[in-house]
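In the two complexes below, chain A is the common chain; its partner is chain B in one and chain C in the other.
== the complex of A and B ==
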């Protein structure tokens, strides 16, 4: 079996997967994915060996990290989804992932198609999810992923390929686990492809690692990343974000922001924003900050009569709001807000 | 013509000079047998008339080095180094202790004159005390008397090992442990010379101290070790410069610098690194693997690193600060310029341990030609570092289509009252800035030198004046041939 990464592997420095899993590994269960799909989405089970051509064409083809390679080798179940050319699906596709072990997902949006995916991870079982997303020309995917607080190890690797003019908008809300990691590898392969990622981590306890790689492979591709973390109790919030620009990819515009608030003496935040630039006519910037709430803002609110805890709560909500304000669907944005509010209620501020 | 414009013109005139330190001094050398073994270590130690404890220390390091692996995490690519194919000790022949400069081989003095290094007493006006290290040994140290008056010890480290063994024993290897990393351990085994500085309590060192490193012999590695101790309430500013001849081979330079600042002390350490960078096809050049670290051991102490890195084929260097004392301050100001096939992987670590510790990182990376420039850094705030503050700014400038600029910062915080801010940008020289300069009659290269100097200004301002002028010129020279 392939050795799982330990913290000695640089990309896993803050998430010692081998140690968190112990000898049991991901287990031998049959994790599954259930999609409640609106009209216009075609769904095929991956358990069936007799796969249609479009599945065979894309399944297991995108670059994988070591953990994703394990799910590809071991997963027994999963689903493939497709939206055909120029079909705009308005209602969200709800994706529920549950059970123990490895599971695979494939989503293909053909040229000009659009879809919103609302992904929910069941917190009960140790699981490794491998997700491949292929966006055809001018396709648009809105992706919201919720991973509720969990006591076990939950990891997911997403590999995404975007053709010319395709757009990917995602929001990842994570609430901690024994070890939780979402790693997304995006290749913007066609001109004017865009990826806009955002996320919040609200931790009362546990660990949440979000790792993003955005590869600008061609000119005029754009990306943004905005990640906010609130870490209370004995928790660890991690963001690693790499942006790479290939030789000749002029006109790339990339902006990345990662911010963390520590609310407890036992909490830790680790940020690693990384740039790898091989073209000269680009605009790439990143900013990262870790700290306490702004003393002036706090003073302002208290001077207007708010008790300290209320003032702090207000500022923390505002701090996080920023990161999910961009979720396009009103319903999904409200869902994220609700979950974030619930999680904040569980943290001493 | 305004004086600023004249200055720019003269800087740009200097651009044509290319690498002017590429000459070789023909001088009779004494070398250790080629290769590296416990016997080499004994040879070096014996050459230096070292006490037994020092030899033991070296042999211990050599044993550990044999068990270590060369690190591969940096973004630098180079052919495998054959550690047995180099000489680990080379010294100009006939170097008994010098009482005055008159006894120094005139050829050596000539070399330093060519390099523009003020070794002679007439340079008293410059007010800089110099320790010159030629290949493996220190050849001259100036202004000893004046420094003695103030109680400052400034001497080759080989001399310090003999004359101040207790102090060396107390501090050597306490900031960069013997087994810190592959190159530091190699250095601990074979270092041949370097500089030792001790500034006593409450003394403000009366002049800038300076060491000049020169690799001259071929197939020779240079391994110097610097140890600076600033006792309570003292201040010292230390400058370091380096050059090497043009050669088609790659030569290894693996230095270790340890700084210790006790309560209320301040050390300012400036480097202008101009080792031979290789030619425009990437042939030759120095492999520069350096471990530099400062320990702010006492409360309210301060260590400030300023570096201008223009030379070397490979630079692997992370001058760091351990902010142990409450209220201590660490600074890192860096300009790294990589042109042609140069590769630089450099940055800093700021480890906040004490309360109210502060750090500031300003890094300017410039890539041109086919070069790659990486900023790699760590800001770590430990649990007890109440109110720690860090500000980091990393800017990269790309000149040309085939170069690369990379930023790899690690930010780790374990204290809720700490505040860390990091910003990074990557850009090229703006067309409008260039146009503005060209329109006012500057040539393309002059304009680039002017804009790049502006880009680097925050760092250049931190250098002592004599160095700042030199560094500004270097910025222009290093980018020669990168535009147009």
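== the complex of A and C ==
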């Protein structure tokens, strides 16, 4: 069996997966994914060995890290989803992932197709999810993922390929686990492909790691990343983001921002944005900041009558707000906001 | 209403106010004028209760109660309002949402009933129009991208909404052109009342052409060195601070 990474592996230095899992590993259960799909989405079970050609064409083809490779080898369940050429699906596809063990997902949007996915991770069981996403030319995927607070290990790897003009807009809201990691590997392979990633981590306790790789493989591709973290108690919030620009990929525009607010002395945030630029004419910016609430703002609000805890709560909400302001669907944005508000209620501020 | 006695204030390891005495009665408007570094902003912050401004001696009596050590929100609830020189920008909080939070926090602290969103909107609209604060400004994030004039108008709008008994205006004229200055001054003048005291802190005499004070105090090196009627502001303008400080020495 492939050895799982420990913190001695650079990319996993903030998330010692082997140690968190212990001898039991991900267990022998059969984790599953259930999709409540609106009209226009085809769904195929991956348990069935007799897979249609479009599944066989894409399944297990995207680059994988070591953990994703394990899920590919061991997963017994999962689903593949497809939206055909030029079909615009308006209602969101709701994806529920639950159970213990490994599970695989494949989503294919053909040329010109569009879809919104609302992904929910059941917090009860130790799980490893491997997700492959293929976006055809000018396809658009809006992806909102919620991972509620959990006492166990939950990891997910997303590999995504975007053809020319394709757009990926995602928001990842995580609320901590014994070890929680979302790793996304994006290849912008066609001109004018775009990826816009955002996320919030609101941690009363536990660990949440968001690791991103965005590869600008060709000219005129565009990416933005905005991640905000609020860490209380003894929690640990991690962002590792690597943007790479291939030789000759001129006209690339990439922005990367990660900020964390620490609400207790024992909380920790590790923010590591990275750039690797091998092209000449590009616009890339990155920034990271860890801190406490702004003293001027706090005084301003209190001087206008807001009690200290209320003033702090308002500033914390404000800090997080712009990270999910970009969620296109009003319903999903409200869902994220509601979940964030509930999580903040559970943190001593 | 306000009686400051022998006030000594230290910021970090530096003494800024060194025995300041000042009395402002209800219904009066007093101006504090002084050169840069004289302690004007320290005075405004210490009155509002900002952390980091340590009162090492003296008292700030407000309606007979000592404000020293009282948290800023309690002072606000009791009717102290500071219009700030540099209102802060808070992305992620709309101006309207901020006004509602502040109005309701004050209402709770003052034992009044809270207002729902519609009642707040009505109250704000009524006062916003005269200060030329647009609906669009109210929808924007608090002070974010506001011009200097817009920020100051929003400060005065808050002053009108929160109904303070003691209003302190810290360099409200800074960064304003003459039209914006007039608009702000009109807003302030409309809030003059027999129950309300105002302390107008400014470097320049210009603002006092429009907000005419009952008394003028000159602050230098942490103390009031001279006081007089509104004509003192004109004298300062004519002679300059240096001469007045010399004369007082």
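The rule we apply is simple: the second predicted complex is superposed on the first by the 349 of 349 C-alpha atoms of A that agree within 3 Å, B and C clash if a C-alpha of one lies under 4 Å from a C-alpha of the other, contacts with A are read in each partner's own complex, and residues count from 1 in each chain.
What we mean here is this: contacts are C-beta pairs under 8 Å (C-beta built on N, C-alpha and C of every residue); 3 or more make two chains touch, one makes a residue touch a chain.
The model shown is predicted, which means the values in this text are computed figures rather than measured ones.
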Partners on chain A (chain B, chain C) - clash or fit: fit
First, second, both or neither for A:248, with chain B first and chain C second: first
Touching partner for A:280 - first (chain B), second (chain C), both, neither: first
Partner chain in contact with A:268 - chain B first, chain C second, else both or neither: first
Per-residue touch tally on chain A - higher for chain B or for chain C: B
Contacts of A:30 with chain B and chain C, given as first, second, both or neither: neither
Which superposed partner A:289 touches (first chain B, second chain C, both, neither): first
Closest approach of chain C to chain B (Cα atoms, Å): 14
Touch list for chain C against partner chain A, complex: 48-51, 71-73, 75-77, 81-82, 84, 87-88, 90-93, 98, 101-102, 105-106, 109, 158, 162
Footprint of chain B on chain A - complex, ascending: 10, 247-248, 260, 262-265, 267-292
In the complex, chain B residues that touch chain A: 73, 381, 383, 396, 398-428
Contact footprint of chain C on chain A as seen in their complex: 294-297, 299-308, 310-311, 314-315, 317-322
